[in-house]
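Both of the next two complexes hold subunit A, though its partner changes from subunit B to subunit C.
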Partner chain A sequence: MPAETVMKLLHHWWTARRDEPVMRGGLTLPRHKPGLPVNGEIATLVMPDRLVLPLLDYHGRRLLPVVSVGQRVDYGESLAPGLIASASGSVIAIEPRPVMHPSGRSELCVVIRPDENGTVESAVHEAVPELTEQRLATCGVTGLGGAGFDTASKVHKATQHGEQLDTLLINAVECEPMISCDESLMMCHATEIIDAIASLMTMTHCKRCVIAIENDKHAAIAALRQALDLRPLALTLQPLAPVYPAGAERQLVERITGQLLFAGERPTHRGILCINVATALAARQSQLGFPMTSRIVTLAGRSVDEPVNVRVRFGTSVAEVLRQTGNKPSLASHQVRTGGPLSGFDLASLEAPVTATTNSIIVQPVQPTVEPLPCIRCDRCSDVCPAGLLPQQLLWYARAEDLAGSRRFGLDSCIECGCCDLVCPSGISLTQTFRHARDSQREQRHRDQLADAAELRFHKREDRLAQRQAARERRRQDARAKLIGDSDAIGDALARARRRRQRHERPGQSGDHATPSHDGDS
Partner chain B sequence: MSTVLALLGFVTVITLLGGLLAWLSSSSKALRLGFVSRSGSGSGSGSGSGNNDNGQTGDGALLPSIQGDAAPGTEPITRLIDSVNAKLPQTQCAQCGYPGCRPYATAIVMQDAPINQCPPGGDALIRELADFLGKPLVALDSERGDTKLPQTAVIDESQCIGCTLCIAACPVDAIVGASRYMHTVITDHCTGCELCLPPCPVDCISMIAAEQGLDHWCRPKPS
Partner chain C sequence: MSTTALNAGVVGYGRRSVRGIMGHVMLALVPGTIVYATLIDYRIILNVLVAIIAALCVEAVLLRLRQRAILPLLCDGSIVLAAWLLALCVPPSLPAWQLIAGIVVMTGLGKHLYGGLGQNPFNPAMVAYAVLIVSFPVTMTDWQINVNGSEAAYDNAPTQLPQLPEWDAITGATPLDRLRQARSIIHRRTAPEAPTQPGQLASEPDTRKAPGHATTPLAEGSPLHALRKDMPEGPAAIPITNPMAEYSRFADAAIMRSPWKWVSLAWLAGGIYLLFAGIITWHIPASVLLTVAVLYLACGSVGTVPTIPLIPALLSGALMIGAFFIATDPVSAATSNTGKLIYGAGIGVFTFVIREYSVYPEGVAFAVLLMNICVPLLDYLFTRAVPTSDAGRK
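== the complex of A and B ==
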């Protein structure tokens, strides 16, 4: 134990001596970046015969299509707000299909059969001298890092406070093992990336710009430096010691700017715009008039013979990607994962289409599930937690579905990186427990909101009914008061009635039931 | 001599000042404490009210901690009713036998009504209320109905005759329409209380499971 502590202190001292920002927690994993391009080129897949585009936004909310079945669509045409056609062709169906989601559910998708011009990718819009939020939105630029946020609204939020953007942070860290799509992009398109960063700097009027990159990406760093020599920009290229999850937004902001974000707070609240390097390039392409219709996907894993990075058009199914790269796994014997080995999820169907957040497809043989052992309180998870939490403690509250307790132990700050799972000697799925707890909490809040709204409507309705009743009562009383005040009218009416009764009673023999009909006639 | 006198005077003044300060600080502390204990979630106890929100229980306390969202200055009993009401599902279905959630919350607090009368809230609500009010756990009163999965009402619009009876029955204004015109349910507003079912003369309202998008999907708990 003391030896470990001494080593840790030495490591801190060493990194501090090298003037590198140190990160809290995290894991130093062996570098494993398969499928990097060898000849400076990234292959593009052949156009598939079907493109399936889910009608979902990055939250998973459904979108309403603006096209109909049988309609011809052009490349870059809008299919729904925020969703664009990745090839020209005809819409052959709008139907539920499996989507890229941990639930494995089917959702409504637009199915396009590309025509012979489908592969032609020309600029859809005119190039603009300066990048605008409008252009980012029309070209459908969303984050290519992980969460897939809408870039236009992110830029809008970062710059709306009226103050100058403090830091433009280009995230080129890509810390998760087995994913190398951003690294390949930097190796092959460094010049374009520097141009892209220049346009983003002009657009956001940022005070400073930092490119954060892991220091073991030697080829990428060299390529970027070379490009920067050709086009000098006022920015810092910051190599970082490779620690997982250094590329997580909050951790990166903390490491680069020294600002600790609150739970639920976004960097944009502090005037920091954190943009993935591939997203930056997509933004630049949108400035030149090209919509965002494809991304680079890393294909790796133990069951993949030749790991490779390929450019895949959105809507191409995972099965098609695997087929074109010469792999034929089946879900019976293989486990196909997307989003990364640590923070991703397993696919339930290979028909799920590639979207903006599909950074990797990892194919492994099915691993036997191991029954978790009890927690022995070894504390390793809290050593590695990059959010500075006590996962072993949080676990008890999350397991017991005690949301208030979980919140007290920082559930909102968990970034679901999976470090705690990796070090747990008991093999406990801590992260999945936290994911479940976070989602339950979100749903609890949603239910509370609905309940509050229902209660408000209920009370408004009660008030309305009470007012209506009061108004009716008032009218009745007014009428009564009018009658009582007009004493002659009542007297007259009573006298009339009396006279009539006397008139009828005097003949006497016809009985009582004749009386009402006579009354009705008069 | 004069030096000694001056020194003595100085010491006296210092002592007096110190005493005054001590008295002031102690009295202000007392004042502050009094303020906190009287008004609970007043402006002086921002941190305290922050910890109390949403279902934190009064661990071992005689009286449950009152939620911070209740308006300050109201009667403690009203705030207690507010806190209980905030836990109820607000379906306003009246299955509890009271004409709405707030009347039931009032009955729980004022008349010691049983806490197991709310089928939509189910066992989770009973657990929460038992924890909050320090009452024993009981099973749901099955005579009141069963806990159902989230559901919404749907009007078969081809059958609707536009009688407005369901609109009058809906406690949360989730049905729109006019006399002799088709009615429809605003799905987002429907609480699934089923109160619109009995008055419909043509039986054209049915309950379906509330469909939820991927944005409301919960990742499963590991086994």
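== the complex of A and C ==
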């Protein structure tokens, strides 16, 4: 038995050496994927009695609703640009509700009471032979990986880059521990996923297509291989050594294509379209006419008795998901985290609704906070930083709120994966500091923009005033010119009058003179 | 906003604590300390204990004065480690009050003056060492080593250089001290006939092997010390025919026959353990040792200066403990890999220069302090070239 293990390890090591592109930094964590489906089926939650759909896009910008309170909406109907109704029912409120945000802030949400019979996910559009960006947009397909980008515009940007898309990269690397929603999907819907990839390949005319998957997802790889045997496609199934955060977009692109992206640059700028495997399936569903209205959520953590992957309709509150799966945590005694144990954040309210980016809900008992020790610059963080930064240096600048210094040390390249937090012997929350610094940087930029706008406005106003002044001046000049013209007329008139007077005077000259003399006489 | 990472245990990652790191380093110091105590002088154990106890007391007082939590910071192990290193660097015969004075300087000036753990720009132990050597030059360079039964063996080492018998007079000087004396004697005796040397050297294959000279534990002879020992009366009139080769041979014997080489090897073993335990990276020790090796080799191939052969050069003095335990102090060292390589190379160069061209027989401590000064610049320059701008890419 130990010999077997050793052989397995050796094999692992050997294959890792030989075939697989290596990644810089990162952490090899023990595989911990609870809640994988056992019988090839993923359970679906019962429709809750309220669905809360935040009027926010993936940038966090507010959307203007196109429905009003009391209105009946159909399944798949547009509620706002980019937001579709995930059930048919009536809009009972449009009001601020807590959303998925670390601060637990409230944002304007459309609250829907679903109909009794509006609970089935069905095709609401005609199936189209070929996937289009138009269809992706209509069906509200957004990224199901982490960022929740609008897939239609992503495809648009990537295909605009050149005549042909360079690489279609299907991201099946679910590197974060405890999250297994994509893996479940691949285990249960491999055939559909391969169909979906075929659709995307046809749509994008890509030069090559790569499915990147961690090599320890044995069941998922087997299922995909089997599906590929049934429908051979010209693509590469690339197993990767399981390193966290291998699934981060930039890291994956770097590892697969060898291209290092600049800070702020997206893979689409290089003609690479990186699509999460679940998003690919949603795109395929949209081709068949199904709007994207649900996703698979992993429910795990130490306080969850039975970890499970369930399909959850968008807008279902976290509390409802927990209730239906038999968990009753309270925020007083539990930490409820979404987005993953490492890169996610703790929820401030359990009323926050599940959205496209809610890949997991992890419930843990609350941990005592430990006061961090000072940084001893042990370099462990820079060893594991997948972006190749020096977090120990960045920390100084970020804490000092030195934005220029922070940028110099690569704040913009930080992907907030949390590796540095995990290894820090002093227990410093580096990622949180960086996140904070980025927020203040963003705020600063926003303020700068506002200031620039104000300056522009001021100058425009100055110009306008100057113009107005000039116009007034011109008018005055004109008036004056006219006035001078008029004064000539007056002069004429005066001259005329003088002439007239002179005419009068000439006959009565003595009279005129006589008067003074007369005065003098008197 | 509560976005702190979950406990590392949640995702099955065994995080190392600061205390764990310091503990590993101390563990790596154990074999060297035992070898030191066994072969050189058992009093080193007492010194280490005195230093640690004194350091803990001073640290506690200073933490109290600075109104910090005492227990967690006292237990992080950093001050214990620093005290241990300082005790290893000073002569075992140093009076206890001087050692304690060094500890006060180390903890106060070296560490807390700058804000405590993680804030000090200079290696605290080396700051204390520098202060001690300028304050107490005599006791700091007088290696009156207790004879642990092996003194005879290494005091007789220089017999290959019969013209230098007067070394026996100095009890327990470290090999580097002896080399310094030898050099000055050679220098004095050969100076008048200098013109004959180059030719002789060219015909002498032995000299090609070895560059540089001397090593000793961190502490080295002060100028006073060197002068004092430097004046052998003896058969000064006898000319040395091939001084460079003689010197090399002598150096080889002085170092390789002295028990100090075992201490150096024990530091090396501890350092290799630290490398494999992932506590330190290879960059700093490798660049320190490589630079010193290259300089000694280059020096040896020039052939006009007295040099030590390569292996004794690396095993001499404080080079090993300096390269693996002192230069690698993460707080005061450069932090990027490139920075570390340059930092290590700088320490190597300064060590060599101080040993060979200054009045001090050993230069590791000052080399580390000098390079500590350069660290902010190195850290500023080497950020790891991450493309941070997409200007012009769109």
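Simple rule for what comes next: the second predicted complex is superposed on the first by the 454 of 522 C-alpha atoms of A that agree within 3 Å, B and C clash if a C-alpha of one lies under 4 Å from a C-alpha of the other, contacts with A are read in each partner's own complex, and residues count from 1 in each chain.
FYI, a contact is a pair of C-beta atoms (placed from the backbone, for glycine too) under 8 Å apart; a residue touches a chain by one contact, two chains touch by 3 or more.
Not measured: the values here are computed from a predicted model.
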Query: Which partner does A:468 contact after superposing on A: first (subunit B), second (subunit C), both, neither?
result: neither
Task: Scan A:102 for contacts with subunit B and subunit C and give back first, second, both or neither.
output: both
Task: Using the touch definition from the top, say if A:225 reaches subunit B (first), subunit C (second), both or neither.
output: neither
Query: Which partner, subunit B or subunit C, is in contact with more residues of subunit A?
result: C
Message: Which partner chains sit in contact with A:425 here, subunit B, subunit C, both or neither? Use first/second/both/neither.
response: second
Query: Between subunit B (first) and subunit C (second), which, if any, makes contact with A:435: first, second, both or neither?
result: both
Message: Let me test your reading of the model: by the given contact rule, A:453 touches which partner, first (subunit B), second (subunit C), both or neither?
response: first
Query: Taking the contacts subunit A makes with subunit B in one complex and with subunit C in the other, which residues are shared?
result: 102-103, 429, 432, 435
Query: In the complex formed with subunit A, which residues of subunit B make contact?
result: 54-57, 85, 88-92, 100-102, 171-174, 189, 191, 213-222
Message: Considering only the defined contacts, which subunit A positions touch subunit B in the complex?
response: 56, 59-62, 99, 101-103, 105, 107, 372, 399, 403-404, 429, 432-433, 435-436, 439-440, 443, 446-448, 450-455, 457-458, 460-462
- prompt: Tell me, which parts of subunit C touch subunit A in their complex?
  reply: 1-8, 10-13, 15-18, 20-21, 69, 72-73, 76, 78, 116-119, 281, 330-331, 333, 335-336, 379, 383-384, 386-390, 393-394
Task: Would you mind writing out the residues of subunit A in touch with subunit C in their complex?
output: 27, 29-30, 32, 102-103, 177-178, 260-265, 269, 302, 335, 337, 341-342, 345-346, 348, 362, 364, 367, 369, 371, 373-380, 382, 387-390, 392-393, 407-410, 412-413, 418, 421-427, 429, 431-432, 435
